[in-house]
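These are the structures, in structure tokens.
In the two complexes that follow, chain A is the common piece, with chain B as its partner first and chain C second.
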Partner chain A sequence: MQKFFFGSTLALLLIAFSSGLVLAQEPTPSDDEVNAIAKQLYCPVCENTPLDVCPTEACRQWRELIRQQLNDGWTEDQIKQYFVENYGARVLAEPPRQGLNWLVYLLPPLIILTGAYILLRSMREWTSPKSIPTDSDGKGATTPKPKDEYVNRLEEELKKRK
Partner chain B sequence: MTESNTPAAKRGVPLWVQILIWTVLVALLVLVGVTLNKRQQGTVQPGDSIPEFSLPLFSGYEFEGRNEVTLSDFKGKVVVLNFWASWCKPCEQEAAELQEAWEFYEPRGDVIFLGVDYVDTEPEARAYLKKFEITFPNGPDKGTKISQMFRMSGVPETYFIDREGVLQYVKIGPFASVNEIKSNVDPLLP
Partner chain C sequence: MFAEFGYGILVLSFVVAIYSVIASAIGVRNRSASLIESARRAMLLTFPLITISAASLIYLLVNNHFEVTFVYEVTSQSMPTYLKITAWWGGQAGSLVFWSWLMAAFASAVTLRKWERDFEFLPWVIVVSSVTLAFFLGLVVFFENPFLRFWENPAGQLLTDAAGQPITSVFAPLNGTIPFLPADGQGLNPLLRHPGMIIHPPMLYLGFVSFVIPYAFAIAALVTGRTDDRWIRLTRRWTLWAWLFLSFGLVLGGRWAYDVLGWGGYWGWDPVEIAAFMPWLTGTAFLHSVMIQEKRGLLKHWNMILVILTYALVIFGTFLTRSGVLSSVHAFAQSAIGPLFFAFIGLTFITSIALLIWRWPELRGETEMKSMLSREALFLFNNLLFMSILVVCFWGVIFPLISELFTGQKVTVGPPFYERATSPLFAALMFLMGVAPLSAWGHSTIQTLGRALWKSALAALIVTAILLAIYTQNAIALIAFFLIAFVLFVTLQEFWRATRARQKTQNENFFTALARLTGRNRRRYGGYIIHISMMLMAIGILGIELFQKETQGTLSQGEGLNLSGYTITYRELASWDDEGEGVNYTRAVVDVYENGVYLGELNPRIDFYFDSQQNMTIPGQRSTFKDDLYILLVNWQPVSSIGATFKIYVNPLVNWLWIGSLLFLLGVIVAAWPDKDLESEPARVPKGSRQTSAAD
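For the complex of A and B:
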């Protein structure tokens, strides 16, 4: 009798413990799996809010939809395609490479390259030595040129004033 | 010979780069201007002819057995186009009124109510339609094409299109009563 009582208590404890474990499990697929896709999508209603952090009821519904689709065996690309077909390409965090969207990908590197080119040219100009005046025969001037008469007079006047 | 007589070395940004930069800048400004202008236009305005569009319909909410309708299908009829969503609380305020108005006009045959479900999930949309016992044709705005065409600003929004396909009135927000709906439909009837 004592053995039976002990056995029953142990069995009850095991059942209670095991059902506790089941309750503690995360829903399948997990929130992390859902959010991994949701963060690549944007809320179509509230602008500039990624779907994984959007607090609205609509976004909660969409996250549940992603969970359901994952559960049904949909791939990430299939889910994203579904969202584009139903809510438009604007839901994608990364715009598709087509039409005017190409500007998003081409303009920033183009602007950076152009800026770098202009900066390089300007730096070369700043650091290169000034061009040496040449004579009419094309040879570089080896002796300092005689000063202009006007400059000489100006310097003399300045000296006098000191 | 003075320095001023020496040929000046050509320096600075080449002309073609300057032209390219200015062209890109002007193109960007035009693009931003056009986009801003489009956004500030608001919804399509009364007096505008509504372009053709097609609306797939939820199963159980078809029109005469068809699971997709176009605006031209309703030539000669007054069209009441209502944008809604299951997550939209103000939409719930007018759902019963819209259904009541539809039940009033349906026997006439020259007025059609169309529900356009804006960025929604189908199970929740169906639950909404069931909850408010809505029976008029309803379908999802696939790819938000219809709402973009109407430059819709939010839900609920309702567009009253006359028998010639010209927009006559736009209601932003929920209707307060069935009479408010009727007061916009009746003047469009023969």
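For the complex of A and C:
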């Protein structure tokens, strides 16, 4: 355990010194700025763990790397790009929108819309006027069942909106 | 001795399960009641057999028999006895035995019921349960055997193969070899030593296994051609209990993640979490849509599809958690049983669908749907939404595998994807939850619905306006709070109206009336309690998802960190070994102030487990109805000049998630509590008649 933290301190100090920083109580950039970017990245070695909360030593060092990159004036996108180039697209929380990856974004809405279409069409079939006495001229006609008239009108409206 | 014995009994129970399948099938073919009875008894026998085998395994676990590889992998000398017992399901092989044991228990319970009226179902219920049981027992007997042992030669050296891996087997691989006893085991993964993790897997498994029973009845109904509602009425209670266990398993998993994983959240859209969530989605859709079949005789095909899907997803969920196909924080185990699982899911699914297609014409609806606003129509929309969420989840879990397979590129499908895709669907579900209880079976119109709903909608609008003024300007949050308030008002109004009516007619006081009302129509009012609990949980989820704040900083002693009105100051830190437990504790003391007022101290800590060489980050938590203060000790320096690094989260409203889940438990128990005359429910409204009241 001691060794573990000794190692991490050493790594931290090395990084700090190599970038010409003196380790201060409130490092610049702050932990929060680092975490804001690390939050959007996934640990490249342990699966499904966001980088900002990953407790491994490797991730601690990656967070320090982000701190150094921020200090060197890199933008958020540049840092993300660096991680993607070095560790693959899996470090991103979502697949980048390109090539085969479009499938992940397009297929679910397509299936859901198809499902909705099928459901609405079947419902319209089920509720089609054959089971409800139709009144071709609803207006002005004194029907004994005002609710059914309303339903008919609603159905017609819905049909128009097809 | 116990290893050979346990394994022998396990093999025997596998053979008995296979026998029960064959005897049952032949019994039906030859119309032999005695053969079917024999199959039933064989089914009953599997439970005591697996119990004996499991008892041997527990004996080995508790008594430090580290020569048994499973015992070596999941226990160590320093673990307390209760953890050694629960280590039974803490590893791959043991958890499959556990699954089989629960399956045998449920199958036995169902074969013990009175079958006089439904005798034709019995053989097929036995076949389906026994096939499922035999599959899991087969996995244990042939691939994931928990009774394998290490061996040493007469010179006292561990037997290894050419690659240097230890040779493991139940029986002595060579003459003269004796079991090799390592000095200590590796110990259970510390993440699994938490009370939440001890109860969470059994709950999930109970949910999984009990969903097999409605599926077995559905298949029995398809095979025998008795395709009326009988199978649904028989399994209604099972389904509710299954749903209760599964839901509670999910909540416990969330609580465990919140307390132990140290990332300030309860749900990370991890593939294995989703694996347990998917059968819950189809199960919930099923719970709603069976009501349409019971009341209106519609959707018979759809209910079959839902129960078949649920079964397939239960096996798929176990496959994802147990095969290691998706490595994630949950997938502690890796194994080679994936292809078998895949084949089993494929075979059962294709067979079920083939049966369904065969019986398709007999499952026609008995009436027609009359209105798009009737309760049955709204339930269908509810089903569409649940299925849509399922599509998103399924595709999100599967896509990384497809990407890796076709392009070799590993990708992560994480929370942003799921949150974006599912939040409008959840919002729509909430809207339906508000409208559907007030729509009538058979027929509703905008006017009748509007009359029933306007008061609740107005009240919800007022609440939203107040929240806008004093709490948040976030549009998404306001929409969500409006929906939550709407559902709560509608549901409470339902209770209120019915209770008042009962009070007047029965001359009871309010609470008696409320209790009797709920007792008389448990499913309806239990369901409403569940709706209310879901809204409380939604409040918690919204709070943490939309308003969570966090900050991190390194403090020296006496220094403080501010977040959302809270100030925490670092007082001191101590580190010590507990040799008995095999843990090193590092515990910080921080003082907590809110707007300058001292609230007390919190103790975030890091536990380091010697046997497994793993850390656990235990947060210091202060929980109120308003928010949770959640402090993590991230790092510290032995030399106190630098101090310690803390990460603080303020999680608004999250407590309502846990409060809601307790109320949820109550709601399901109310809904599922046994009635005397449940199976002889009055027949549904006759064909063609119309109900205009919502009150049934």
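Here are a few things to note about the model shown:
Following the convention adopted for this analysis, the second predicted complex is superposed on the first by the 105 of 162 C-alpha atoms of A that agree within 3 Å, B and C clash if a C-alpha of one lies under 4 Å from a C-alpha of the other, contacts with A are read in each partner's own complex, and residues count from 1 in each chain.
In this text, a contact is a pair of C-beta atoms (placed from the backbone, for glycine too) under 8 Å apart; a residue touches a chain by one contact, two chains touch by 3 or more.
Please read these numbers as outputs of a predicted model, since none were measured by experiment.
In the overlay built on the shared chain, the residue A:D31 is in contact with chain C alone; chain B does not reach it. When the shared chain is aligned, chain B and chain C each come close enough to touch A:G88.
In the superposed pair of complexes, A:L65 makes contact with chain B only, with no contact to chain C. After overlaying the two complexes on the shared chain, residue contacts for A:P108 are found with chain C alone; chain B is out of touch.
Judged by the touch definition given at the top, the superposed model places A:W126 against chain C, while chain B stays out of reach. In the superposition on chain A, the chain among chain B and chain C reaching more residues of chain A is C.
Look at A:N48: by the touch rule set out above, it reaches chain C but stays clear of chain B. In the overlay built on the shared chain, the residue A:R97 is in contact with neither chain B nor chain C.
Within the superposed three-chain model, A:Y117 lies in touch with chain B and out of touch with chain C [touch as defined at top].
The intersection of chain A residues touching chain B with those touching chain C, taken from the two complexes, comprises 88, 90, 100, 103, 107, 131. For chain B in complex with chain A, the touching residues are 1-3, 6, 9, 11-13, 17, 20-21, 24, 28, 31, 85-87, 119-121, 124, 140, 142-145, 148. For chain C in complex with chain A, the touching residues are 262-264, 268, 270-271, 326-329, 368-372, 377, 380-381, 384, 387-388, 391-392, 395-396, 399-400, 402-403, 406-407, 409-417, 421, 443, 445-447, 550-556, 559, 584, 608, 615, 617, 635-638, 642-643, 645, 647. Residues 44-45, 56-58, 61-62, 64-65, 84-88, 90, 100, 103, 107, 110, 114, 117-118, 121, 125, 131, 133-136 of chain A are the ones touching chain B in the complex.
Chain A makes touch with chain C in their complex at residues 1-2, 5, 8-9, 23, 25-27, 30-32, 35, 42, 46-50, 53, 55, 60, 88-96, 99-101, 103-104, 107-108, 111-112, 115-116, 119, 123, 126-127, 131-132, 147, 150-151, 154-155, 158.
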